Each structure stands twice: as structure tokens, then as C-alpha cells.
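In the two complexes that follow, subunit A is the common piece, with subunit B as its partner first and subunit C second.
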Partner chain A sequence: MDEYLVQVLSNIGMISFLALSAYILLITGEISFGQQAFFAIGAYASGIATAMWGWGFWPGLVWGAAAAGAAAFLLAWPTLRMRGLFFAIGTLAFAEMVRLIFEIFRYQVEIDGELVGPNGSEGFRGIRYIFEQDISAFHYMLLIYAVLAGVLALLFVIERTRLGAIWRMLGEDELLAETEGVNRTYYKVLATVVAGAVAGIGGALYAHMNTYLEPKIFNVMLGVHSLAYGLIGGLGTAFGPLIGVGIDIGLLESARIFSGYRMIVFGGLVALLLIFRPRGLLDEAAVHALVAWWRNTFSSPAKRSGGSGRPPERPGA
Partner chain B sequence: MLEVRDLHVSYGKARAVQGVSLRVGEGEIVALIGANGAGKSSTMHAICGVTKPALGAISFRGKDITGLPAHRVVPLGIAQVPEGRLIFDDLTIEENLVLGGITLPGGSERQRMARVLDLFPVLAPRTGEPASNLSGGQQQLLAIARGLMSNPTFLMLDEPSLGLAPLAAQEVFDLFVTLRRNGVTILLVEQNVRQALAIADRGYVIESGRIILEDESARLLEDEGLARAYLGIERQ
Partner chain C sequence: MIVDFVQNTLDGIFVGSSYSLLAIGFTLIFGVMRRLNLSYGPSIMLGTFAGTLLFVEFEAGLLAVAAATLAGAVLAGVYVERVCFWAIRRGAALASMVSSFAIWMQLEEIVTVVFPDRTYPFPPLADFALEPGPFFVRGDHLVMFACAAAITVLLHLLLYRTRFGLALRAVSRNPAAAAFVGINTGLVLFSAFALASAIGGVAGYLIAAADQQITPFFGLWATFKGLIAMTLGGMGSIPGAIAGGLLLGIIEAHSGWYLGTEYRDLSAYAVLFAFLVFRPGGLFAQRQTLRSQLAARRV
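This part shows the complex of A and B:
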């Protein structure tokens, strides 16, 4: 496989975690401009674990996800009392704070006569686990997609359970959900933690592919993009944000036909979609129509006519 | 069954409810009547735990539920049908109903749905259709059906006849009589005074956050002041 293609596909895979992270919050009705902070925390935490503490890759990945999830839990308490715009601004402030902390965060140890570890704005060099284990870029790409498939499968299961229905219900109408007996705080905190952990996994994968982390890449634009992916691709299913990532990174950034005009085309695309399809290409109505079409086309005639015999269907599935 | 004593609700400096006391007996239909901004909805929100009261006490079946959050009030058998229908257009009727009992164990869902649909012959044959196919009156019926999915013994409704044609409204009010026969106690918040009092046992009139009148429905309908203020009738 072409080296450039592997790199582009790996990027798409990693950024997908960030897009899914923003998506989880979007379906519960919250707009976060700060998911890049959890991506950064996951990246640093897992990098520290493998490069400095000598952990293996998988424990490092889990540790990165856990650290990001824990940070999200801490953020959830103060910010979920804010609603709408205030939550968006709160998360933005948090993410900038995290980035500035990494700008001054120094924690280095000497390994084989060389200082390894985060060195403030100089960045964090030497996350070499993947190279030391002699894993090729192609194999690492496959690994990224295997993890992504796992996270996607988990999200699909969630969307088919009561948890998914409750998240979407909160996103549609919080007051209504509350009057139906939904514990708003609990489910919103849970969504924030899951979203944080998913971003953390992406960050951990990013750290080990790049071997080098720099605080400034975890800036606001990364968060804005990850929000836009869900809005472009659609909020009806977890595939939506992936379509958004594919369009932006696959087409606009990597195909180079738009070279210097990427942001102009991207911004225009977002504006057009907000006008014509405010909940993205694969929005809830589109997903419903697709599911119904699938049932009518591929299920047996007996099932098609009845309707009473089919299993209970969950919204948002 | 429900007792509210000296309830106060404030939003910042705005005092929405200033000392409301009311009582709903088991099996009763009670109407809470008042103009926009009189404090009807705030009273309801305080009862079901969406809003925390600033002062006062609320008890349900002898248990103090003052300030209890909604997710702990609903399991006690209290359900609220909020104002403005608020059904999910894109979802089917069945999916809308599922959301109503979402906090209850899924195992009993089929059974609960069958029981609820028994009361709604209009909805029962159409469960697979999107809710947007329903007329305004039918959507209100769906909102009420969704409220019943959590097995309530006490149902509160916020202006269920709002925006409905007179015939559709009548259908909704008739349903309350059926529900009562099925053992559901009802607190009805309404501006549609005549129709509400026609089915209610008793009524409370709320104005500027205070109860100004309280009586049996028939007597309230006779009341001069109420007639002038809410029914638009001048009697000689």
C-alpha cells in the first residue's frame, strides 16, 4: 500500500475518535468545543506510560482512555450546570487551560542517557514503542481501525439500548426527559465521561503514531473540526461523524486539489449543510428511512405485512 | 393523595408561586385554573420535582416529597404530561410510547404498552406510523398515553386542550373520565375553564401565584367573579 495513503487513512481513523467523542455529546444536546483536551490528555498519559514507565501499548492505551475519562468526569460536574452556549464556552475555556498546562508541564526521566518526557512547549519526544516493536505503518493503521471498529460496535450497542434512547431524549428535550423520570445529571455525566474516554483512545493512538507531541496542535481548531464532522456527516448514527472526517481529511486535506483553499471549502460546506441539512447528511430522519427501506427490501413478506411480530424497535437505532 | 401546603417557587427574584395550598383526594379530578403566568405550571413542576420549591411542603400518599428530584418522584406513581404535546415527530407512535416508560424495566414494556393502548383505540392500530401522521388531537392523546407508560396512579396534565379544536378537546376531556374510572387520580391545569370544570370534581383558581378561589366545580361555574374573569360572561 502507498505510504501516503496509509498515512491519510491512519489520520482519518484517529481523528474519527475525536469526531465520535463530539458526536456523543451532540446527541445528548451539548455542544463541546473542548474534546481536543481529552485527546491531548489521552495522548500524554499513554505516552508517559509506554515511554517513561515501560508499560506495554495496550495498558498504555487503556490508561490514556481512563485518564481522559477521569478528566471528563471532573469537568462534567461544574460545566453541566451550565446550559447551551455557556456549556460550549465552559468546555472551550477548559480545553485552552489544558493546552496551556501542557505548555508548562515538565516531567522527564533519564532513559539510556537521554531525557524522555513532556518538556513544556518543547513538546514530548521519544514515544517510540511502535518503532521499537518494529510495527509497520500499515499494521499500525490496521490496529487503529480495529480499535475504531470496537468503539463503533460499542456505540451501536449503546444506541440500541435504553441508554441510547435516554441520551437522545435528553438531546431532544431535557425537561420532557426529566418529567419522564430520567436522572438528567447522571446520564449527562455518563455521556461526558464516555465521550472523554473515546477522545482519549484517539489521543493514545495519535501519540504512538507520531512519536512526538506538541501542545499547540491540541488547539481550538481541532475541537471545532471534530464538532463539524458530526454536523456534516449527520447525527442519526455513529457513521455520520465518520463520513464528516472522510470528507474533510480524505478529500479536502489530503487530495490536495483544494490545497490552500481547504478551510474555505470546508467552511462553505459547513454553512451549506447548516442551511439545508441542519442535522447532517445522515440525520435521524434519513437513518429511519434507510432502516425502513432495508426492512422492506430484505425481510420476508410474512414479516413485512404484520408488524406486530417484529421485535421492539429502539429510537435512534 | 396529594397535599401541597404553602408552596413558594421563585426564579431568581421573580416569585412565580407565593403560598399555594391544595389537596387532591384519591380518585378525584381536580382542576387548577388560571391565566398565563399565574403560577400553574410552576406549581406542577414543583410537585413533580423539576423545580425546587423555595418554601412549603408537598406530600404524596403521606410521604414527604418536597424537593425530591423528578427521577425519584416518577417511580412513586406520579406522571406529568407537559404543556405543548412535545411528542417526537420522526419517531413512530410505538417508539414515543417506549420513551414514556424508559426508566422502568424493559421486561414489562410489552405488557404496559398493551394496557395503555387499550385505552386509546385511535392509536392502537397505528403504532408503526410516524407520530407526525397524527392530527393535533391525536398527538395530544399520544402525549397522554406516553405519560401513562410509567404506570402512574397520579397524573398531572399541563393545558392538555391547548391549541385543539373544540371537538378534539372534548375527546381529550372524555378520556380523563375514563382514566379516573381506571383508578387514576388527575390534576388538570387548564385555561379552558368550562370544559375542565365540566369533568372535574373540584377546582382551584390561581392568580398571581396565589389561590384566590376553591370550591366544587358546579359552584365555581356559578361564581360571578370567575364567570367575568374567565368565561367572558356578564350576568345581570
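This part shows the complex of A and C:
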């Protein structure tokens, strides 16, 4: 496989975790500008684990996700009372604080006569686990997608259970959900923690692919982009954010004809899209229509004759 | 010691007055529309680049540069209003915000395509300084402060002494009722947006003239300084925007001096977070909520 293609696909895979993280909060009705903070925490924690403590890759990944989840748990409490825009700005302030703390965070140990570890704004060099284990870029890409498939599967299971229904209920109308007996605190904190851990996994994968972390890259632009992906792709299913990432990184950043004009095209496209589909390409209505169409077309004839006999719905109708 | 403290406070107030100006435009849009315009800073940035174009290419005078900055900011602001706010139905506040982010990306790229260098010169406005006693005050900072005060007074007169101001406040309080009594809400929203962009243009001009240079990063900077100042003061409140801007300036000046520059932004965000947790209504929260409660009772 072409080296450039592998790199683009790996980037799409890693940013997808961040987009999914923002998506989880979006379906519970919260706009977060701060998911990049958990991406950063996951990246630093797992990098420290493998490069400085000599851990393996998988324990490092789990540790990164756990650290990000724990940070999200801590953030969940003070932000619980913030609604809408306040939540957005609160998470923004939190994420910028995390980034600025990484700018001054120094923790280095000497390994083989070389200082390794986060060194403030100089960044964190030498997360070389993947190199040392001789894993090729192509295999690492497969690994990223395997983990992504796992997270996606988990999200699809969640959406089919009571938990998913409650999250969407809270996103639709918090007050109504509470009058139905939903424990808002519990489910909101849970959503924040799951979203944080998902972003942390992405960060851990990112740290090991790039071998080098710089606090600068975890800026608010990264967070707002990942938020926008869900809204471009649609909030109907977890596929939506992935479509958004694919459109931006896959189509625009990588297609060289747009080089230099990428953002003019991207910006215009997104603005137009939001005018005609304010909840994204694959929004809830589109997903329901697609599912209905699927059932009507592909279910067994016996089942169909026993059904209501209504004509198959067209997608997007 | 005490001299440093006073000097830092003075610096904070003067820098803060530019934050106040940014926050006034921001809060005006938010107060009327109840939606966040992330593209506010970038449209000001586009204006300052229009000003610098005249300066670099044609060696234009101060007035022409100021006019171009203002015109550029208003034009970009109107474009944002049409695409992100007017075209997206009411209620889809989230879509508006993301859309304004998309237009931000677009404006930034347009500027970097036309101006490929990192920084461009901007003509200074008032290159003098005052030294009352042991203190030091820059002339352009004084001008900035005076402009902030003048705009505040003018805006107050406009909002509370004219028919347009009345219509604006009506739309802000209850758009449906305002439309019902015959107010052209679309036009009012459009004018409020243009007005906010013009105030942003003034702010952008003054800040660029004080720095004597501009970069495409100005958009991000202006949006976030304006946003923080607005939130500290209470979203949608004009006196709050002014106080919030000054408070932000003072916090930055002191923390930069006593803790070191790497703690400057960190302390500003920490204070912002603390405000959101303990006092989400901003500095003037008490009075605002009381007044709106009274208003609600009247309805």
C-alpha cells in the first residue's frame, strides 16, 4: 500500500476517536469544545507508560484510556450544572488549561543515557515502542482500525440498549427525561466518562504513531473540528462522525487539487450543508428511513406478506 | 512594590479596554440572537487585512486604513449573518455555531491565500507615551480606552433612547411578540449584526494599530478574548462585557507579572472556569436575574 495513503487512513482512524467522543456528548445534548484535552491526556499517559515505565503497548493503551476517563470523571462534576453554551465554554476553558499545563509539565527520566519524558513546551520525544517492536505503518493502521471497530461495536450495542435510549432522551429534553425518572446526574457523568475514555484511546494511538507530542497540537481547533465532524456526518448513528472525518481529512486534506484552498471549500461546503441539513447528512430521520427501507427490501418474503404491506420507503424521503 | 502593582493594574485596564470592545460586539450578537458567532474574530481579522492592504499597496493615510478596516469587518460580518444565522432556521443554535466555525475556516484561508506571509505591518495610531510620576502609559492605550468609553456611551444612548434600540431590545426579549407588534425582526437582527461587526472593526483597528502588525491568528485571538470577557461579565450584558474585559486584562497583567508569562493564560482560563462553576451569570448576575424575574412576572 502507498505510504501516503497509509498515513492518511491512519489519521482518519485516529481523529475518528475524537469525533466519536464529541458525538457521544452531542447525543446527550451537550456541546463540548474540550474533547481534545482527553485526547492529550490519553496520549501523554500512554506515552509515559511505554516510553518511561517500560510497559507494553496494550497496558499503555488501557492506562491512557483510564487516565482520560478519570480526568473526564473529575470534570463531569463541576460542569454538571452548566447547560448549553455554558458547558461549551466550560469545557473549552478546561481543555485550554490542560494544554497550558502540558506546556509547563516536566517529568523526565534518563534511559540509556538519554533524557526521555515530557519537557514542557519542548514536547515529549521518544515514544518509540512501535519502532522498537518493528511494527510497520501498515500494520499499525490495521491495529488502529481494529480498535476503532471495537469502539464502534460498543457504541452500536449501547445505542440498542436502555443506556443509549436514555442518552438520547436526555439530549432531546432533559426535564422530561427527569420527570420520567431518569437519574440525570448518573447518566451525564457516565456519558462524559465514556466520551473521555474514547478520546483517550485515540490519543494513545496518536502518541505511538507520531512518537512525538507537542502541547500545541491539542489546541481548541482540534476540538472544534471534531465537534463539527459529527454535525456534518449526522447525529443519527455513530457512522455520522466517521463520515465527517472522511469528508474533511480523506477528501479535502488529501486531494491535492484543493491544496491551499481546502478550507475555503470545506467551510463553504459545511455552511451549505448545515443550511439544508442542520443535523448533518445522516441525521435521525435519514437513519430511520434507511432502516425502514432495508427491512422492507431485504426481509424474508413470508415476513413481508405478514407485515402491514406498506410500500418500501425511499432513503431520505 | 506598590508602584509595580499600580502599573500592572493600569496596564491591565488599558489592555482590558480592547477586550471590552471585542466583548461588546460579541455580547450584542449573543444578546439579540441567543446564538454564538465564532466567526466574530475572523471577520474582524479580515477587516484589519483590508486596512493593511491599503497601507502596504497604496500607502494610504490613517483615515483610509480605518475606514477600510471597518468596511471589511462589516462586510465579512454581514456575510456571516446571511450564511450562518439568517439562512439557518431559528432554534438550530448548534448548527449556527458550527456553521460560523466553518465560515471562520473559510475567512482565514482567504486571508492566507491573499497574504501568504506570517505578519504584515499596520500603521500606528498614536505613537506617544505619558509618564505621570513613576508610571508609564502608552498613547495608543489611552486612545483605546477613550474609544471604549465613547462607544459604550453611544451604544447605551442608541439602545435606550431611540426607536431602533427599543425594537432591538424587544426582539432580544421575545422575538415572536416583537414580530407580532409589527417589528421587522429580520431587519433588526441584520442591523444588530452589522452594528456589532462595526464595533468589532473599531476594536480590531485599535488593537492592530497598537501592535503595529497583524497575523491571521488574530481571528482566533479576538474570538477567544471576546468570548472570555463576555462570559466573565455575563452573556448578553453590555455593562458586563466592559467589566469582564477590564477584569480579564487585569488578571492577565497581574498573573503574568507575579507568576510568570506561562501562567498568564492559564490563570485567565482558571478564573473563567471558576466563574462558570460558581457564578455562571457573570459579574452582574444578581441584578440581571432579578430584573428578568420581574419582567417575567409582568408578562
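To be clear about the criterion, the second predicted complex is superposed on the first by the 304 of 317 C-alpha atoms of A that agree within 3 Å, B and C clash if a C-alpha of one lies under 4 Å from a C-alpha of the other, contacts with A are read in each partner's own complex, and residues count from 1 in each chain.
Convention: a contact is a pair of C-beta atoms (placed from the backbone, for glycine too) under 8 Å apart; a residue touches a chain by one contact, two chains touch by 3 or more.
Remember, it's a predicted structure, so these values are computed and weren't measured experimentally.
Enquirer: For A:97, select first, second, both or neither according to whether it touches subunit B, subunit C, the two together, or no partner.
Expert: second
Enquirer: Applying the document's definition of touch, where does A:183 land relative to subunit B and subunit C: first, second, both, or neither?
Expert: In the superposed model, A:183 contacts subunit B only, not subunit C.
Enquirer: Is A:260 in contact with subunit B, with subunit C, with both, or with neither (first, second, both, neither)?
Expert: second
Enquirer: Applying the touch criterion given at the start, work out whether A:113 contacts subunit B, subunit C, both or neither, answering first, second, both or neither.
Expert: It touches nothing on subunit B or subunit C.
Enquirer: Scan A:172 for contacts with subunit B and subunit C and give back first, second, both or neither.
Expert: In the superposition, A:172 touches subunit B alone.
Enquirer: Compare subunit B and subunit C by how many residues of subunit A each one touches, and report the one with more.
Expert: Partner touching more subunit A residues in the overlay: C.
Enquirer: Check whether A:268 is in contact with subunit B, with subunit C, with both or with neither, and answer first, second, both or neither.
Expert: Only subunit C; A:268 stays clear of subunit B.
Enquirer: Which part of subunit B faces subunit A closely enough to touch in the complex?
Expert: Touch residues, subunit B against subunit A: 48-50, 69-71, 73-75, 79-80, 82, 86, 88, 90-92, 94-95, 98-100, 102-103, 106, 109-110, 127-128, 130, 146, 150.
Enquirer: Quick one: which bits of subunit A touch subunit C in the complex? Just the residue numbers, please.
Expert: 31, 78-79, 81-82, 84-86, 88-90, 93-94, 96-97, 100-101, 103-104, 121, 220-221, 224, 227-228, 231, 260-264, 266-271, 274-275, 278-279
Enquirer: For the complex, give me every residue of subunit C touching subunit A.
Expert: The touching residues are 36, 38, 83-84, 87-89, 92-99, 101-110, 113, 220, 224, 227-228, 231, 235, 262-263, 265-266, 269-270, 272-273, 276-277, 280.
Enquirer: Would you tell me which residues of subunit A are touching subunit B in their complex?
Expert: 162, 165-166, 169, 172-173, 175-176, 178-184, 186, 284-285, 288, 307, 312-315
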